[in-house]
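Let me begin by handing over the structure; questions about it come next.
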Amino acid sequence: DEQYFPLQSYRVGPYAAGGTGFFGGFIDYLTLINSRDGGVNGVKLTWSEGETQYEVERGVEVYERLKSRPGIAAWNPLSVGIAYAMIDRITADKVPLITINHGRTDSTDGRVFPFVFPLLLNPYSETSGIVEYLATREGGLDKLKGKTIAVLYHGSPYGKETIPIYEQLAKQHGFKVEQIEVPHPGNEQQSQWLTIRRLRPDYVVLRGWGVMNPVALKTAQKTGFPASRIVGNVWSNSEEDVIPAGDAAKGYVAITTQASGTQYPVIQEIVRGVYETGAGNLADKKRIGSVYHNLGVLNGILNVEAVRIAQEKFGRRTLTGDEVRWGFEHLRLDEARVAKLGAKGLFHSINVTCANHEGEGRVTFQQWDGAKWSVVSDWIKPDWAALRPIIEASSTAYAKERGLTPRDCEAEERVGDTGKRASAEGK
Amino acid sequence: MVAGDEDILAVEGLSLSFGGAVAFAEIDLSVAAGEIHAIIGPNGAGKSSLINAITGLYAPQAGRLRIGDARFARVPARRLAELGVARTFQNLALFKSLSVVENVLSGLANVQRAGLTAQLLGLSAARREATEHRARAESVIDFLQLGMFRGRAAGSLPYGLQKRVELARALVANPRLLLLDEPMAGMSAAEKAEMSGFVLAAREMLGTAIVLIEHDIGVVMRLSDRITVLDHGRRIATGTPHEIQANPAVIAAYLGAEDDPENEAKAA
Amino acid sequence: MSPDLAFLVEVVVGGLLSGVMYALVAIGFVLIYKTSGVLNFAQGAMVLFAALTFVSLIERGLPFPAALAATLAVMVVVGLTIERAVLRPLVNQPPITLFMATLGVAYVIEGAAQLAWGTQVHALDLGIDDTPFDVAGVLVSRFDLFAAALAGLMVALLTLFFRFTRTGLAFRAVAEDPLAALNAGLRLPRIWSAVWIASGIVALVAGLLWGARLGVQFSLSLVVLKALPVLVLGGFDSIAGAIVAGLIVGAAEKLAEVYLGPFIGGGIEGWIAYVAALAFLLIKPSGLFGQRSVERV
Amino acid sequence: MTSDRDGSLLRVEALEAVYGGAVQALSGVDLVVREGEIVALVGANGAGKTTLLRAISNLLPATRGQIRAGRIAYAGRDVSRTRTDALVRAGLVGVLEGRHCFRALTVEENLIAGGLGRGSGRADLRADLEWVYALFPRLTEKRRLPAGLISGGEQQMTAIGRALMGRPRLLVLDEPSMGLAPKVTAEIYRVLVDLNRERGLTLLIAEQSVTLALRHAHRSVVLENGLSVLEGGAETLRARDDIQRFYLGPRVTAPARERQPA
Amino acid sequence: MATALPVTSAQPRRAGAAGILLLLAIAYGLVPLVGTSYLFEAILTPFLALALAGLGLNLLTGYAGLLSLGSAAFMAVGAYAAFNLSLRLPGLPLPATILLAGLIAASAGVIAGLPALRLRGFYLAVSTLAVQFFVAWALNRIGWLSNDSPSGIIDAPRLVIAGLSFDDARGRYLFSLTIVALLTVLAWRLVRSPTGRNLVAIRDHETAARIVGVKVARTKLLAFALSSFIVGIAGVLWAFAYLRTVEPAGFNLDRSFQILFIVIIGGLGTLRGAFLGAGFMVVLPLLLSRLGTALLGDGFDTGTLEMVQRIVLGTLIVAVLIREPAGLAALLDRAFRRLSPRS
């Protein structure tokens, strides 16, 4: 039996750095599982890639090309645009869509988006996580009162997504927020940083993507804003974002859901089991353990574990997409399990449910010292409780607009045989 | 001929200069209906400029114009066609990529009435108009014996034929006044004779008044009722061919060498 | 001076200096336009290719001067190849055809660049630090000053070159009417390879300066977007125009973003420069110093 | 460089040319121009004169045309592959049909451009400029004006002047008299004939006004529908009455041997 | 800018008509039967949408000779207009929605066209970039346009006309095909109408056109309107029938260039040019990469493959232009003429 992962990767074009790292790590982990355990309970893992160059229409083309392959476990595009274009399609085809650390916030509500999983961290949780972190730096949420935070965001749907939630949290905690847009691609930010210079904020949150990030750091230096007071979001947290900025990036802090570095057992196994046998996917070994690579590995862990969990219920065979969906909805990895997976310290834990497709991912913060990232905070909990109502408001609105009736998760859990029913439909 | 109200074109004291350079100054010119009026003169005398001013492409600084009974200081070029004026250009101004037929048809742009929707939906009005216009175009094409080039892109025709297509485009609208800027440049004697034939015929059939700029003095003498001679932007003479041929000023300024090369061509 | 005034000055200065960076890219376009009358779609690709080649050589351990020399050599080869393989066969074709051809060239260069040097993001350190120094409360970046100086130098050289050789004349003749130029015995192959090499070198300079700020990566090719409004404003075929317009666009766009942005919403930088350029064109359809098209009947 | 044994400076043999791979413009042209000769090329519209002259200067590729067969020899060397600029430097200079001035360049710049091809030094250029202005006084007033703005005739003068700036050995003119006042035409021919006598300039002239051509040419070649149909001394041609017929020509020349698909 | 490229008139007609009928027969009769969902969803639908956009731009650039780099903006206007119409006027039948969207795009086109009364060539082209970037900015900024969806990305409504749904691969294809066919007929009638002739006249010689009585300003703006109308509807297809989501990024400058290049490589001033061009710029790359995968196997590094394919495509473009500067349409005609015996 085989379980197949179609990959809409991007290895050329403006965002190639992210694509090669993430998909590299993902593939490396799948390779490891095959070579080490002969697949998941004997079910071999297979995959193939289609180049999207991060363009939506290319992503769709790849989807249409690969969707008819047998035994698809899940889709993992690393692009908000492509993910949006797929939601209708995967829902119709009954295959899970994994948008780790990104994607559509309200798809966290599994009752409305049964097949979409913004695992670990949706944009709102990210925002909350960042605010919590700043609070710890100031010494308590109450200390945020009266502070000014400038948010520098990419002029794209992705960039804009967190505008309302920042406003909300600002009101809630009594700090002042100034949101400044950087027009795509963001290779020139003189005026934005001059504005910041005039605002004299206490912190600048960088919600960037691609080339916008190094330019931001360089320009910050040019206008005399200290890097240590800039906090990057989850797509501004990679080596590729800081290295081009050179010294300007020293002291820069960024949020992450997974620590970087190679010291974690699972990464070590990849080095030994995969790279030393020449099966590694990264062209440049130096990038092993980099942020995107580790994110890819983590993404691999989550996908594989979902399959494993689903297999416990449906049997050790090639599963249908809907069965894997069930697996994701029961993806519970506590710290003990994480340690067993050799990922202790790489990431904290996840706890996905039918209603919560994000899974309460914890975040930590890492600081760039000019050569490498080092963790500078412990695992922080975003304020999920505060966010949930906003998310449900949005998802219910969507359900209404689309005439969908939200699932009744409690009932499903009680019956507990949704899996079988779904899988029956699946066939 | 007597200049007067039946003049279709009257130019009074028209002057134009570019920066310092005078293109022409204080030009008086009158063209009667059905008259063929030649304008000759050395290179750079201001002939084309004068025509450009009459057709609204240049804005004269002084003087006034009358076309039919409409008076202007500066003729609005876009109203030219509806004033019944058509022209050809010294350096070809054809629609190169259009076929010969379409070039000729475009000469009817001004009398185009059917609206866009009518054209798109092919309403009877539009269709009737189309067929009628095509007939007119074809008759001109036959008249100028361009039939066998009908379908060819005008730009790929040899120079001489392109000149002829331009004439066709100008004639198709049955203009009251036709301005020809060196229509026979670059033609063999035979072809010139042919063109002369067309010009005369056009005048006979349509009663069109024609202003003709031409350097082939033989042709000019044969075709024109009256001739105006420009030199350095001034009008140095107006008169019948004979008067002009005899005029010493003209000979000095323009005709030059007693035996001018084209005399033999005239014989042909 | 008062903080507000100081800030205004800072914005203007910052704008002017950014403008220089735009002009740097624009000049590459101007050179090609001068001789072919077309917008060179491949300019961005050339910027990327030049910078990528340079850093990759550095990273493979070549010393700075050697890497620079090698990259120059490569750009020369590129220029010659384009002339031989693309321009010569397309002589006297309508500009729009040449324009399309430059797309083909762009594809090839882009592909080749990433194929040869990979798609990683490279840091590029020219050894000029980007820390600002304070002039009467106004921050000025050393790096920008250096860039400005370099741009100035380049413009000066090119202008002199056109002034004191007759190449300028030949260039305009070729752009005006390739057939007549051929017929007059002008050596089009030589002229074309000359400008493409020149624009390759300009691309290298632009690539290095921008690359030092952006990092050398694919997005480097997007800097051309900043050059386009500069081109229209300055005139596609005027080197001086490029520099002057660069300054204007830089300053205008910063002022707009900083002072207008808050009212009509941020991110207006993306288009405000075009609108400004457009407004100006309506007054002078061929840019500040562009060659007017001469037509009479 | 020398001319061919038989003293021919230019020799065209069985030349065939097509446009756009389809339009047959020349279908067999033979032509010899000897050192120091004036040869007239006469033929009706579309006979192929311009095409032939373009072929000789190797300009066909630039007008979507190509040579299908035959050979062209200049000064004893086959030049059907030689680049135009090389030909110009070798003294084979042409004047294009329809002026082709550089419109945005001033008259003077146009003339200078003619000298650049040959790579003349400043001194030469200045001398030649004065000489050309002497030939065409009219241009002196216009030297600073963009060539696109001057009158048709003035443009024609500029085009011819530009060619002369190349100090040609063989000058190839396509309809030099087009659009020129009789006086100027006569003047130009006088100049050309003088150059021919004094400097031994060889001339190949395509002319529509046959009279003019025959008056000055030592020999003439007649083209008809892309074929060189006859060839001889001026007066022999004038004597022949089929040439007399040719004066009047066929009423409309057949188009090139190519049909519309539609 | 003057493009001395022949237009339809100088091209074969009767054979053309027959060919078109044949094509339609295949497109409607054969393809829906044999086509796979991949063919419909990933190749034909985007092909049709972009071919339509090319068709629209061709009216402007190919026929009227006005260069525009704003096409993507007009696609966006069309798409967002259609989205908002269907959102805010739920009763409105789809065809009406599309028509109105086209008209809105057309009016945007007229405004964008005003500079054309004064500017030429690349100056005009680059000025149209103002539109391109302004529209992108506005769509991104004005939340109302995307129904205040937090991310600014919106999902397109379903394709239902008079109760019958086109909401599957084949349906969307047939839907697009029909719209494209209708608009192509419209365009075809236009270019053969006197108005179409006037467009070309203005392109070839504006002064002469004015002298013979062509209303130059009016005609230029008309060209912009008609072009944008079609391009706008192409945008609707792109968003509703192909991607089924609408996001500003999809209508960026690259798209504008892509459409312009479709028109140029296909053949300016020819209707079939738009389709040939779209085939070349949209379908060919897919075929190339499929070919590559077929040759080198699934495992082969897709990045490398992509770059090789880039190089090949670029080389092909140059090769085609050298072989025939007037583009694919002319190339075909030439081949056609070769085959058909000389009468």
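In this document, chain identifiers A, B, C, D and E correspond to the written order of the chains, with residue numbering beginning at 1 in each.
Just so we're on the same page, a contact is a pair of C-beta atoms (placed from the backbone, for glycine too) under 8 Å apart; a residue touches a chain by one contact, two chains touch by 3 or more.
In this text the structure is predicted, and so the values were computed from the model without any measurement.
Visitor: Which other chains touch subunit C while also touching subunit E?
Guide: Looking at subunit E and subunit C together, the chains touching each of them are A, B, D.
Visitor: By mean C-alpha coordinates, which chain is most distant from subunit B?
Guide: The chain lying farthest from subunit B is A.
Visitor: Using the touch rule from the top, work out which pair, B-C or B-E, shares more C-beta pairs.
Guide: Per the contact counts, B-E leads.
Visitor: Can you check how far apart subunit A and subunit D are, centre to centre, with Cα atoms defining each centre and the answer in Å?
Guide: So the centroids are 74 Å from each other.
Visitor: In whole angstrom, how far does the Cα centroid of subunit A sit from the Cα centroid of subunit C?
Guide: 38
Visitor: If you average the Cα atoms of subunit B and of subunit D to get two centres, how far apart are those centres in Å?
Guide: 29
Visitor: Give the residues of subunit D that touch two or more other chains, as numbers and ranges in rising order.
Guide: Expected reply: 149, 262.
Visitor: Counting only residues that touch at least two other chains, what does the list for subunit E look like?
Guide: In subunit E, residues 3-5, 137, 140, 207-208, 303, 307, 325 touch at least two other chains, as defined above.
Visitor: Two or more other chains touching the same residue: where does that happen in subunit A?
Guide: 11-12, 16, 20, 155, 183-184, in rising order.
Visitor: Which chains touch, pair by pair?
Guide: A-C, A-E, B-C, B-D, B-E, C-D, C-E, D-E
Visitor: Note which residues of subunit C are touching subunit D in the complex, please.
Guide: Result: residues 91-92, 166, 169-170, 172-173, 176-189, 291-296 of subunit C touch subunit D.
Visitor: Mind listing the subunit E positions that touch subunit C in their complex?
Guide: Spelled out, the residues of subunit E in touch with subunit C are 1-5, 67, 115, 118-123, 125-127, 129-130, 133-134, 136-137, 140-141, 207-208, 253, 257, 261, 264-265, 268, 303-304, 307-311, 313-318, 321-322, 325-326.
Visitor: Of all residues in subunit A, which touch subunit E in the complex?
Guide: Spelled out, the residues of subunit A in touch with subunit E are 9, 11-12, 16, 20, 48-51, 53, 56-57, 60-61, 64-65, 68, 80-81, 84-85, 87-89, 104-106, 155-158, 160-161, 163-164, 183-184, 394, 402.
Visitor: State the interface residues of subunit C toward subunit E in the complex, per the touch definition above.
Guide: Listed in rising order, the residues are 33, 38-39, 41, 85-86, 89-90, 93-97, 99-101, 103-112, 114-115, 119, 225, 228-229, 231-232, 236, 265, 267-268, 270-271, 274-275, 277-278, 281-282, 285-287, 290, 293, 295, 297.
Visitor: Write out the stretch or stretches of subunit B touching subunit E in their complex.
Guide: Touching subunit E from subunit B are residues 55, 57, 77-78, 80-82, 86-87, 89, 93-99, 101-102, 105-107, 109-112, 114, 116, 119-120, 122, 126, 130, 133, 151-153, 155, 169, 173.
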